[in-house]
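There are structures below to look over.
Note that subunit A is present in both complexes that follow, paired respectively with subunit B and with subunit C.
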Partner chain A sequence: MRIDGTHKKWLVASLIILSVATTVYVLYASNSVTGPRGGSAIGLTFGIIGSAFMIFSGLLAARKKVEVWRLGRAQSWMRGHLWLGFLSLPMILFHGGFKFGGPLTAVLMVLLILVVASGVFGAALQHYLPKVMTSEVPFETIFEQIDHVRAQLLAEADELIARASAPLKLVAAAPSGDLAATADSVLAADDALAPLRTFYTREMRPFLENSGERKQPLADAERARGIFDGLRRLLPAGTHETANNLEEICEEERQLRRQVRLHHLLHDWLMLHIPLSFALLLLGCVHAVMALRF
Partner chain B sequence: MPRTKLTTKKLAQRIDMHYFKRPHPLRRWRTRLSILVPVLAIVWVGWAALTRNDRVYSSGKMSAGHAVLSARCGECHVKEAGSFSAKASDQACRACHDGPTHHANQKFTPNCSSCHAEHRGHKHLAATADVNCTQCHANLRAADGPTQFVIHIEGFGAAHPEFAALRPGSVDPGRIKLNHAAHLKAKILGPNGPVQLDCEDCHRTAASNAAWRFGAVQPAMKSMPAEMDPPSRVSARAYMSPILYAHNCIGCHALQFDKRFQESVPHDKPEIVHAFVVQKFEQYIATHPAELRVEGPARNLPQQPMPPAVRVLAPQQWVAERAAEVEQLLWRKTCAECHSLSLSAGAQLPAVAKSNITPRWFSHAVFSHDAHRFLKCLECHTGASKSQESADTLLPGIQTCERCHHTGEEAAESRCFECHTYHDWSKEKPVKGMLTISHSRRGS
Partner chain C sequence: MSALIELTIEGRKISVPIGTTVFDAARLNGIPIPTLCHQQNETPVGVCRVCVVDVGARVLTASCIRPVESGMVVSTASEKVQRARGTLVELLMSDHPSPCARQQHSGDCELETLAKRHNISQPRFSRRTTSRGKDVSSPSITVDFDACILCDRCIRGCSEIRENFVLGRMGKGSIAGIAFDDNLPMGNSSCVSCGECMVSCPTGALTNKGVAQTALGAGPGFEPVGLDELKQLSFFQGVSGTFLSLNRGAIVRRNFKRGEMICREGEYGSTAFYILEGKARVSISSPMAHVKTIGRLKRFLGKLSSRLAEREQDKRAEETEQQWIPIDAPVDLAYENPVADLGPGDLFGEMTCMSLYPRSATVRAATDCTVLEMLRNVLDIMQRSKNFRAQLDKSYRQRALDTHLRAVPVFAGLTDEFIESLREKVELIRYSPGQVICHQGDPADSFYLVRIGFVKVSQAHLGGDMVLAYLSRGDYFGETGLLAGDVRTATCSALDHVELVRMGADDFNRMIEQFPDVRQKLKAVEQDRAEMNQARLSLTRSVPLDSFLQQGLMEAQSLLLLDLDNCTRCDACVRACADAHDGITRLVREGLRFDHYLVATSCRQCLDPLCMVGCPVGSIRRRNSLEVIIEDWCIGCGLCAENCPYGNINLHPFDVMVEDPENPGRKKAAVKQKATSCDLCTNYAEPSCVYACPHDAAHRVDPRKFFAGLIGQGQAKT
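And then the complex of A and B:
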């Protein structure tokens, strides 16, 4: 989600809440006899507010699972998730008086910091990367389809090479009176296509097959352009179209690779954010119950 | 032949329409982790519950004094039958500590934990905040009406009154005639020639075991009188012991009474001194009968009958005359050098005024000389080297304390607890220990 002018109301509301909470905390902490404590009336209030913000942020997962619920727009939920989730950190810090306390509260505090930090990191990525994706990956496809599309590219490239060799086979198969001349012409044509075949089998096919290899020459657009320019100089004019098509396939493969990288950047932080959020909410409930006990 | 142009339709045709039926590994891992991490959290908490380890729920490290009980939550957090709550109660505190009330007529008694906040780290629990004291002492009111104490105190350096002993009209009640200035002069006459006295030649704490420079070998040093004992928790190094003749004076101020004897009279009541003197003369005349022949006075006294030139006395008479002469000297000069004696009409022996030495000047505060041992005595007791009168109170004033004890990071502690104790430890009841070392270290 892009954080643009539409977030202005949320930003202002969040700043007001943060300012009021900070003022209350400073007054409370400076007048507290034994220092700020989570169990005091004000400390408990901060804890309840912070927990409410966290629970609301966590409900986004439920809202996403049941999209048909008529409980506000998805955008509003996401904005609430972003801003209230962010505010939960200062609220809980005020609740604990900026102390990590014992084992459970320390774990909770670390979890909250990781969740909020990963969320902020993710929000920043979600703000910038879609723009990058649009400009750098015109061939963008559904992420889950990338392997499927890549297999089709390989098949297409194989077919292009086979098609380029087809006239050669036709010449070889054609009945001719002058066998020696035919053989010479086949050999000559075969020699002319040798650089293409060598390039394809040694460089391009491994490039299309091994998507994880980054050091391949074709993985770099500049180097790939040079390689294809050189290849075209070695090939007869009639096969330049094939070389152009292969170059285009390489470009598409590079874009898919770029899309994979950007997708990981965009979504990998969720591998930390979501599991830790669940653990945080769960342990938060345990903390609330046990704090009432002790 | 050019490559097929990738129209939207062509792009769409490349898509496997059933892809959503096979979750991507990234999504699968996210789901797995979303289950695994909370499960790990449950296992952790569950394991703590199974092993009855409530430390997991501790809100912070225990204080220095209670750190050994960190694994024994249940010692303080006593759970009442049928109740889920297990809050630490005053009753649990009193199982190990008696906390005597501050004053019988105080308006309210706070909970233990309102002043001694536990689980705030490895600190000293007695180090309470001033607000705990000033919530009453800033505007003191007793439950039964006006109070005799200063009403407005907001902390040390904030409307704290001067020490009572230094307020106008207060004098040192001591009756021993002591001139500090004379004793601190250079080259005063000592037992073996000129000496320079130091403060510690006379003033030492009960814990000191060094030999007295001008004292006699005596039994163990006597501590201060029971009624003057400091609060029971104050170290023996805190206060100076009362001055004793045997420790501090005997070296220079011998109590010799007659040239016939090397011994001194005992430093005791006049009756005992008198008995001692009489006994000594009786023993002496028994072995020196020639001295019963006494020559008369060298000159005539006006309006008195002419005494015989030589008198022969009975032993009792000789002893009585010698004792009278010696006691005249003792009562009028030797003893009177330090003590105030009064001879009432008809009394044979004088009454000696009580020495009234003040062993503790602070009746509502504690002080430790040991904690200040790095300082020169005269740095605080500035008047000692010039004081000539016993009535001079040589207690340092509050301004002297404030030179070090004030707020700020590079200052000595200045909160109330540094000098004052809330609990009246003189009323402390003994507590019977209930724990064992191995028990206290086991998890609850």
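And then the complex of A and C:
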């Protein structure tokens, strides 16, 4: 979600909560004889508030499972997730008095820091990357359809090459009287198209077929431009249109690669954030039960 | 008896009457001379020169036009003659696609046979680089101009043998070719599809479509029909025997037992049926209802679901009062009870056959029933037959005119007497695809009611034509000019095979004088249409951004926009839409981009609503607000969904109970589909897609307000 002016209310509310909590904590910590402790009334209050923030943040996943239920707009849940999830860290730090305590609480603190850090990282990615994707991938398609689009691009490129070679077959099929002259002209035309065919088989087709390979020259827009400029110089003017079309196909393939990378960046951090969040909530429950019982 | 002349051909002394050509003299004496442009029953013209012979003159001569002379010594196959003939054939072959359609299908292209005889496989001469094209507009004959060798046999066949005078020559030099009327597509010309040209053609330039198309094979009640039997039927009298012979497999007789299915609604087909004996029952089995999305436990845990609702239960804005459902048969079906009977002499399935639309209704044999099933080429020739047309016209006037007129709400109040007086006056007129019915600015002299097919109504404006409407069966046009006593205000053209009922200006004026309420209703409709058109025109004029217009965004009442700068491509909107509509999403996260917004695929009431073209029962239409409404009698054939270029129409399956034809009076479970488009989750304040977007990226907006800033009309706002 983009963090923009529409978050102003949440920002102000969060700052107020943080200020109040900090003031309370400072007063509590400076007046407490034994120092701030999680088991004290104020410490427990911070713990309960922090846990509530974490639980609310964790409920976003459940909210997303019932998207049409009228439980509040999903974007309100997301805003709450972002700001309250972020606030849970200072609340828990105030709860623990900035100490990691025993092994369980230490694990919990590390998990919380990791969850919040990964969340902030994810929020930053989701703030910047959609714009990058919009501007850099004008040929963007539905992610699940990328393989299909790639297959289409390959077929289109094959057809362009076949079509460029077609006049050769016609000339060969219809010699006009002087066979030797015709043969010469066929060979000359064949020679003229040789760079195109060589380039296609050695460079472009492997580039289109192996989308995972990053070191190919055509994967770099600047180098690709140079390669196509050179190719056009070698080709007769009549085939420049084909070269231009092939260049466009390469550009589209590069954009699809870019889309895949950006898509993974946009979503793959969740692979860390979500399991850690679940672990945090689970261990948080264990911690609460153990703390209250013992 | 005329005097005889003696001459020598290939060393044989022969005698033939004066005036005989060398070609005929040789033929009469069993000496073959090859030819391409000459046929026995046509005037020789000597254009192909393949029949050249050596008569001892300075140059070789075309034997088909050279009369014999006394003492003439003719060599028909000397080396010199063979060489010249070979070169001629090679030249013709260089301008001929080999193998041509005829050679492919029957292996008897005369030119290619001749080339083979001269061992010419690849001509030495370079080929034409650009195609001369094909004309496939005729349902029965394909014209391949590339295969034409300009022998003129077809032209002489058309003019001399059939005396139709449709075919002629157009152009000179390399662009010379045959042409129909004033170079019209064959299907639009006055050609009567007698087949003479096709029979005359020596190559694959004119081929019978029946050769390439699938003949009607065996099926239920299949029985082949003999040529003699066909010719005994009154409506086949006058149809070329050659044509019928060539299309023997394209028409069959089928015998159905009572209750057997003849055709099923929604299925794609390519044939029409003509009832010879017995009765058939035509009906629509789809429930008379539209798709309505409802929420259980409203406003909280309300899982949405869709159900079918009749128009009485769920009255939508501008719900039609139409009581009759137009189908592809001479009768309309009543909304309350969509069942009707057809009898001997009735033709049904014309639109399916001519324009390949889905079947509009289910037809079963009501009694033991015999029908003729025919392919498009046969139906076309039948419709060109005066006898058949007269029979159809008579049947229409007697049985269908009144229900057809009364099916139009405006004319529901016409009296029986008036309709009786119209019976012999209205005229049924056919138009081919693309043909203009009337031009904007022409004097208004007729009123038209659409009987079959789709008519496009467009208006010329600076910057291009604007499509005002697509009209189908039950719609009418031409009243605006007549009411004003002025000229046509729009151009109307046939989108497919169209048949119109034409009422002359005098009858129209008589009608509106005699029935003032009809005049009032027509005026009201005309005013609504004029206001709607004006509103659309002012919209398009007031917006300066070309891309905005090109994308049709100005036409939308409500657009689903995804702000791509916010959207993380998580697809929550798509999942929410699917969840809200029983798992069938009405939204695809792809579409046109405008600025940094993606206009997601969700119905946006296009400028040119292609979804409306082809609906076999006319159940998809526009409200005056330009929004699309799908009427209750949608049969779920899916053509609108296929036609929508943005994929904004979906088919929603429902479990329903329908009549069981095997057990009359009982019902059985069946799955029926209904077309739907985005309903904005009308039960809720906000569509589910927008509600479920966690990133504030999805917005339902009025484009004119939302993009106001971008198009220079103020500030953009959501």
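Just so we're on the same page, the second predicted complex is superposed on the first by the 288 of 294 C-alpha atoms of A that agree within 3 Å, B and C clash if a C-alpha of one lies under 4 Å from a C-alpha of the other, contacts with A are read in each partner's own complex, and residues count from 1 in each chain.
Here, a residue touches a chain if its C-beta (ideal position, glycine included) is under 8 Å from a C-beta of that chain, and two chains touch if they have at least 3 such contacts.
Treat the numbers as computed from the prediction; the structure is a model and nothing was measured.
**Q** Answer with clash or fit: subunit B and subunit C placed together on subunit A by superposition.
**A** fit
**Q** Let me test your reading of the model: by the given contact rule, A:Arg233 touches which partner, first (subunit B), second (subunit C), both or neither?
**A** After superposing on A, A:Arg233 lies clear of both subunit B and subunit C.
**Q** Once chain A of both complexes is superposed, is A:Lys215 in touch with subunit B (first), subunit C (second), both, or neither?
**A** neither
**Q** Anyone got the angle at subunit A's C-alpha centre between subunit B and subunit C, nearest 10 degrees?
**A** 160
**Q** Contact-wise, after the overlay, does A:Phe294 reach subunit B, subunit C, both or neither (first, second, both, neither)?
**A** In the superposition, A:Phe294 touches subunit B alone.
**Q** Touch test for A:Leu104: subunit B only (first), subunit C only (second), both, or neither?
**A** A:Leu104 contacts subunit B only, not subunit C.
**Q** For A:Gln126, decide between first (touching subunit B), second (touching subunit C), both and neither.
**A** second
**Q** Just subunit B (first), just subunit C (second), both, or neither: which does A:His267 touch?
**A** The answer is both, since A:His267 touches subunit B and subunit C.
**Q** Going by the contact rule set out at the top, does A:Phe143 touch subunit B (first), subunit C (second), both, or neither?
**A** both
**Q** Who touches more of subunit A, subunit B or subunit C?
**A** After superposition, B is the partner touching more of subunit A.
**Q** In whole Å, what is the nearest CA distance you get between subunit B and subunit C after the fit?
**A** The answer for the closest subunit B-subunit C C-alpha pair is 5 Å.
**Q** Subunit A residues touched by both subunit B and subunit C?
**A** Shared contact residues on subunit A (touching subunit B in one complex, subunit C in the other): 141-143, 267.
**Q** Over in the complex, which subunit A residues touch subunit B? Could you list them?
**A** 33-35, 37-39, 99, 101-105, 139, 141-145, 148-149, 152, 156, 160, 163, 241, 244-245, 248-249, 264, 267-268, 270-271, 274-276, 278-279, 282-283, 286-287, 290-294
**Q** Give the list of subunit A residues in touch with subunit C in this complex.
**A** 1-2, 6, 60, 64, 66-71, 73-75, 77-78, 126, 129-131, 133-134, 138, 141-143, 170, 173-177, 263, 266-267
**Q** Using the touch rule from the top, collect the residues of subunit B that touch subunit A in their complex.
**A** Interface residues on subunit B, with respect to subunit A: 1-3, 6, 11, 14-16, 19-20, 22, 24, 26, 29-30, 33-34, 36-38, 40-42, 45, 54-61, 73, 77, 84-88, 114-115, 117, 119-120, 129, 131-132.
**Q** For subunit C, which residues count as touching subunit A in their complex?
**A** The contact residues of subunit C facing subunit A are 94, 122-127, 299-304, 564-570, 572, 575-576, 579-580, 588-590, 593, 596, 684, 686, 688, 691-697.
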